[in-house]
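Here the structure comes first, spelled out in structure tokens, and everything after it is commentary.
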Amino acid sequence: MRYLPLTPDDRSAMLNKIGVDGIDRLFRDVPHSAVVQRSIFDLPDTQGELGVERALTKMAAKSKVAGSLPFFCGAGAYRHHVPSAVDHLIQRSEFLTSYTPYQPEIAQGTLQYLFEFQTQVALLTGMEVANASLYDGSTATCEAVQMAQRITKRGKAILSGGLHPHYAETVETVAGLSGTVTRSPVTPGKAEDIIALIDDQTACIVVQSPDVFGLIRNLKPIADAAHAKGALLIAVVTEIVSLGLIEPPGAQGADIVAAEGQSLGVGLNFGGPYVGLFATREKFLRNMPGRLCGETTDAAGKRGYVLTLSTREQHIRREKATSNICTNSGLCCLAFTIHLSLLGEEGLSRLARANHARASALADRLADIKGVELATQAFFNEFTLKLPRPAASVVDALAEKGIVAGVPASRLLPHDKDVRDLLIVAATETNTDEDCDALVHALSEAVA
Amino acid sequence: MSEVRYTDQHEWVSLDGDTATVGITKHAAEQLGDVVFVEVPEAGRKVGAGGEAAVVESVKAASDVYAPVGGEVTEGNKALADEPAKVNADPEGDGWFFKLKGVSKDEFAKLMTKAQYDEFVKGL
Amino acid sequence: MNNQGRPTAPGTVEDNELPTISGDRGLQHEVSLIFELGRPGMTGVDIPEVQMSDARLGGLRRKGPVGLPGLSEPEVIRHYVRLSQLNYSIDAGLYPLGSCTMKHNPRLNEKMARLPGFADVHPLAPQQTVQGAFEAVSELMRWLTTLTGMPAVAMSPKAGAHGELCGLLTIRAALEARGEKRHKILVPSSAHGTNPATAAVAGFTVQEVPATEDGHVDADALEAALGPDVAAIMLTNPNTCGLFEPRIKEMADAVHKAGAYFYCDGANFNAIAGRVRPGDLGVDAMHINLHKTFSTPHGGGGPGAGPVVLSAALAPFAPLPLLVHDGNEFQMIEHADEASDGAKPFGRMCAFHGQMGMFSRALTYMMSHGADGIRQASEDAVLSANYILASLKDVMSAPFGEGPCMHEALFDDSFLEGTGVTTLDFAKAMIDEGYHPMTMYFPLVVHGAILIEPTESESKESLDRFIHVLRTMALEAKAGQTARFEGAPRLAPRRRLDETAAARKPILRWKPKELPQAAE
């Protein structure tokens, strides 16, 4: 086996040094009846690189790759171009094969990029502090709700109907244990009157912008109303590139921002791993979940970085920790941070504008199709269409033709009859004019 | 002259009339290492004997601080927020955590004396 | 809570070396923050300028700049390459972190994870278009259930602690289906901190079970603690002291007899994979850290993946989504009412279907090793740990006697008593010798713990060299030759860092010079 350096002679010599006559003696505490033989496993034996590569390449070829066809799915995961430098850098041994930076003297590389990442996230979201990332946007939203429950000592969380339904289900599953979670009605393309739901039992209001139907939401009035009742506003962002063009949640009064960072550096990956962004106000710092990296100096007076404020975390506080999470999304934050560093202020702005311009032009053309209406008037790079027939069947019909038209809203909300004809379409800088032509053409045919 | 008693959770409490001052012992401060954060209770809060009243943290450790005797908080040591190092420098003086009023002398009398506490620490 | 601290302020040291003009030292560069570099208008990505109108932004166009610096591609690459050179890594040296399993990360895994059919597919793409990705997930599920002897596996948990939460929520759902409300989880004192933290998040209270003198869970105390209010026990096996629990089946039987479930923390599955099936031990739920046992890279702290294998009793309650095969093709069940009869999923752990990028890597690892190679890897990991224990126990102090241990060797700090050298000093001196320190001060049940996990990836020559260094260090410390421990490390990119100052006045982000620093 190419990954195992010990030879049979080494093994004998080592057993000899240990003073036992066989490897079985080292497993003496295992109950005899629980020891199994190789033959019990219906699994193959060791295989060389060539064989493994052949088998997996064949398997992977059974998927239709997003980059190989006109592709317009978003709804929480967006296809963007990732510069080549990103993947090269994250595969460097010193980043890829290092552990959590618990020994700061020999982990300044990881610690400094975490500090840069925290700064970038705080700047993008317009918040004062950000952590070193959580698993993904949905779990970050869940952590945000639990944090708001701790801070306000209230249990009730109100989720906007525009919050991604998978996020809402994740929050209900976990934060529902520490309080009550209610969802406001789904109003595709329109802002619901969520303010009316806020009362003095409310811990937090969770509003996504742009929301799952693509609508850009004005958060300021919601923040003001929440604060008037002693509740917190949690802003959720699933398309982080949008913050290159639209006003950040921090500037609109959000208390906590939970976001998905997948759009920068990470790629689609069939749903994971992604990178959860988490930012808040300084006064809530000690209630924050997740790792934090801080600046300090070493014994020789040089600037350096360490993980800090760990007393919030499980390895010290155990059952009293702010969260049970004991990891971040290290390599994905590195990818995020490198991509954003490559873009810089100018690149991010251009990327965001390119996305909006692409989506706006496509929306206009699709809305011109007879029977198709544009349901989202204010959006970034994603919008919702109302079709004259169920969107799921249209998506299936177009998939047959090699076009992935978007996500039918019914896939996310199967019980809501009102969304049956809605199609959520995302367009990014990766969509070409030919892709858009193909979609317009095929959709015209499908709804005719 | 006030009298000082100790708990097995490493708090000290000094009683003056029916007013008590509470902190953590020198031993507790040494065990924690450099204290970096202290949360003290607000005035007006009522705590029972053995109830959680404050939190003290170092970089690698954290501990709840319990009220050795019941009473109403009259003051938390606000200075510790800016200068948590006081807990290490002078744990049984400037590094006090909070003051209580309405304290029962009987509860106080049940706690360890200095000699008993020193013996207790030796046995750990 | 852990209320045992240790020194975190390093004091000051004199640097006696002749300073360089640049501040850099050979291959070791001082690296500015990215925000201190660059110039306005520069970018490392060429994106055409486009015309667009504000008409569709709802009046919410960004009013000011984000505040990001502008750098060209070569500048960005140099910045991150130089940062990388400040890190220790498995590829560069032995990384003996007990309980973390820093084994070799094969590069074939990276290559396979990047196959477009796994990587460039969208989680909500029409299901008929992503059958290759489904097949890979399904194949990994087959390996995991076969190796553990468990009938089902929940794939969506994103890390070990997330898997623990998934397991406890499954148990909660199973109890509710039985019409029972049990509120207590038993957790051994030697457990990872995530266990009690997870139990609290899942809405349970925690009762600690003590350890015996020999480092095992006190099975008698466990049995005495069982009762109608106990929902489950969370037990790590092999445990965090690196020992297999010999009375595990007896404990599992007692747990089941009391109507509770047995959650096993699978963090140390790498010691027994291919030799022991947790299903045969009476386990009801166990998360598997793919980033440990199956070698997906740790990546400086994630991302991980924590699929949870489930017993027949718990399988119906597994969370959404569920992957099934209808005889024709794979289908992802995303809503409870689409699930087959009898399935009662407790909810959803995260937005999509889990860590696909980690699944493809773990599957590659498993296919490369095969069932025989996985067993050999477990045996080599245990052999190497015992070799270290046997080679160091006369100069260091092993709290639980002569062994054998499983995949990690535990020492305490009694061999350093009276030397003035602490576990921390000992660990930091290892850095100067070219090694990453071992895990220290964990598990909490041992004083000044030193937990060494060599993994199966080291050659005998590498182990012998490591043993020689540690032996010499231990003997020097005991002989009063403590110079190399004082203020160590001396040869790393940084001396000891002031963690006290970092925590007292947190600086958690860069701010432009003209603004006051944050968090004060």
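We just call them A, B and C in the order they show up, numbering each chain from 1.
Assume a residue touches a chain if its C-beta (ideal position, glycine included) is under 8 Å from a C-beta of that chain, and two chains touch if they have at least 3 such contacts.
Since the structure is predicted, the reported quantities are computational estimates derived from the model, not experimental observations.
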Inset, instruction - Please work out which of B-C and A-C is bridged by more C-beta pairs in contact, and write that pair. - result: A-C
Legend entry - Closest chain to the centre of mass proxy, which here is the mean CA position: C
Legend entry - Whole-Å gap separating chain A and chain B, where each centre is the average of the chain's CA atoms: 44
Legend entry - Gap in Å, rounded to a whole number, between the CA centres of chain C and chain B: 37
Inset, instruction - Go ahead and note the Å separation of the Cα centroids belonging to chain A and chain C. - result: 20
Inset, instruction - Find every residue in chain B that makes contact with two or more other chains and list them. - result: 37, 57-62
Inset, instruction - Could you list the positions in chain A whose residues touch two or more of the other chains? - result: 308, 311, 316-317
Inset, instruction - Could you list the positions in chain C whose residues touch two or more of the other chains? - result: 1-2, 499, 502-503
Legend entry - Interfacial residue positions of chain A with respect to chain B in the complex: 286, 308, 310-311, 316-317
Legend entry - chain C - residues contacting chain B, complex: 1-9, 441, 499-500, 502-504
Legend entry - For the chain B and chain C complex, residues of the former touching the latter: 28, 31-34, 36-37, 57-64, 84-85
